[in-house]
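Order of writing sets the chain letters: A, B and C. Residues in each chain are counted from 1.
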């Protein structure tokens, strides 16, 4: 049931936008402040995660939008298949196309902000796990704001408070990785929150979308 | 029509016996916001029945269809399929039901064939041959296979969704304005599909503006919301 | 549990009359408690060794912080009941809780800032408890915004209910955040298993104030919910009778 991938290849513009946005925002940080190496390095985790969040919010906007508008989501709801599973598949595909590239780009951005290359695996895993949680929790927000006129802004307002723990853990993990400390503890916490999100978020998202389909 | 036998082949794939397939709507009350749209609606449908709701706009025909389909929750009343309340096992009910709403649920970037394949994979797979026959039945066989659905006209898209309908082996059809955007030939296609569906033990509820002239099955037409059929 | 009572509550006319009768009483009790608590806290309680008189703002700050969390919990509870059992009154109650809860959170943050200035030397600090309170505020605002953004009332009810339930995870985080992270806030001194560490003379006005705030909240919530019921049941026959009766009496 991953035909969304095919769809995505037909419309590359949409999926490249968040990536470009991410790159842009991470570049903004050193431009906006004193590009001294030590300072930049300390700023890097925050910059990376804020950029990840903003780019993900941008991407989440169109997670369900098209399918909601052309009636595909309706058909999913009455297809006799598990609605939760279908939505999870959609979210997973969406993540592969948005979250994953961001996680891949992250280490590169980190290095550009002064992080040592040895930090790259740590940064990558932190962003990877974090983006999974972000996509899952964001799908709830996307479901709730489906079809609303200024849904994008509202989506941000709703999702950001919910992903606060992810931000905290992720930033800590990234900071540890860049400083050379052991990031395992924070990474485990990130993974744990990801698992929690995986178990609870799809149910909430399915409920949210059903309500929006009424 | 030359392709009638082929259509019949598709539709006789009903795997479950039609003996006890029955839709019962008992004492349905539905509110939308403050409006009491459906008051104590009460009817039953057997295989071969068709019900046409010829209600004015805003009287609740879309809401009724969506309520039966499971999108809306009725404040009072029960809907039973094969004697079991739909709420108890919605997935089993949905498996045997097909809903055609206002939107066509077609992806603009995929071709017609891909759309069909995708839609059928949602239920149970479909073979290439069956898909080609379905396209032929609705008169879309001569389309350029590489053409995305975006470039089809509204009428062609509606025909495509009808093709999808014929490929799903659903016993109960809930059709909301199925004749929208269809020219006379398209309406004939729709009528033909309905005729075969009803003849092979299916049921259909349609919400329409203008009455469709289909001379098959037990065809009931309701003109006002407050009626209950015997 | 007496389910009959529960179901009676769910009927709008009953709730309307109940709320109308009890809200003024609750408000009255709240005022009395407020006066008692304030007097006790501002005048009678002894001066604190470390913080002298500035600590007295605790009598406004702590109850409002406590209430903001409690309000959110009530809201989430009402939303959950409304969502699962489809009782429309619960959604009216939940929507009534939100503005009050947001107000409490704002008061708690503001008084916290005012307290922080003389004691810690700063208006603001990125302390986990403060930040979590801020997020509770965002949740309330998000709830209110979502409600406002959806035109169909039933969909607004149910969508914001889902939001409230999902956000309820934040409440225990705030409550326990003080224990998990090192923070500027003192550890819990009231709700501890081995009894309060605060001397009773300081503690009782605090409890009274908490009571005052609770009754105030209940009164406000009932009044708002009542107004919401009015709005929703505009065409109901029972409402017309009710208003006619009220008109005949006054």
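Please note the rule applied: a contact is a pair of C-beta atoms (placed from the backbone, for glycine too) under 8 Å apart; a residue touches a chain by one contact, two chains touch by 3 or more.
Source: prediction; values computed, not measured.
Among the other chains, the CA centroid farthest from that of subunit A is the one of B. Legend note: the chain whose CA centroid lies nearest the centroid of all displayed protein CA atoms is A.
Interface comparison, B-C versus A-C: the higher count of C-beta contacts falls to A-C. One inter-chain figure worth recording: subunit A and subunit B are separated by 38 Å, centre to centre, where each centre is the mean of the chain's CA atoms.
Distance between subunit B and subunit C, defined via averaged C-alpha coordinates, is recorded as 49 Å. Subunit A and subunit C have CA centres that are 33 Å apart.
Counting only residues that touch two or more partner chains, subunit A has 214. Multi-chain contact residues of subunit C (touching two or more other chains): 152, 154. Residues of subunit B found to touch two or more other chains are 73.
Across the complex, subunit A meets subunit B through its residues 1, 3, 6-7, 10-11, 69-72, 74-82, 210, 213-214. Those residues of subunit B whose C-beta lies close enough to touch subunit A in the complex are 69-73, 91-97, 99, 101-110, 114, 118-119, 121-123, 148. Of all residues in subunit C, those touching subunit A in their complex are 135, 138-139, 141-142, 145-146, 149-150, 152, 154-155, 158-159, 162-163, 165-167, 170, 173.
Only residues 32-34, 73 of subunit B touch subunit C when the two sit together in their complex. Note for the complex: subunit C touches subunit B at residues 86, 152-154, 232, 234-235.
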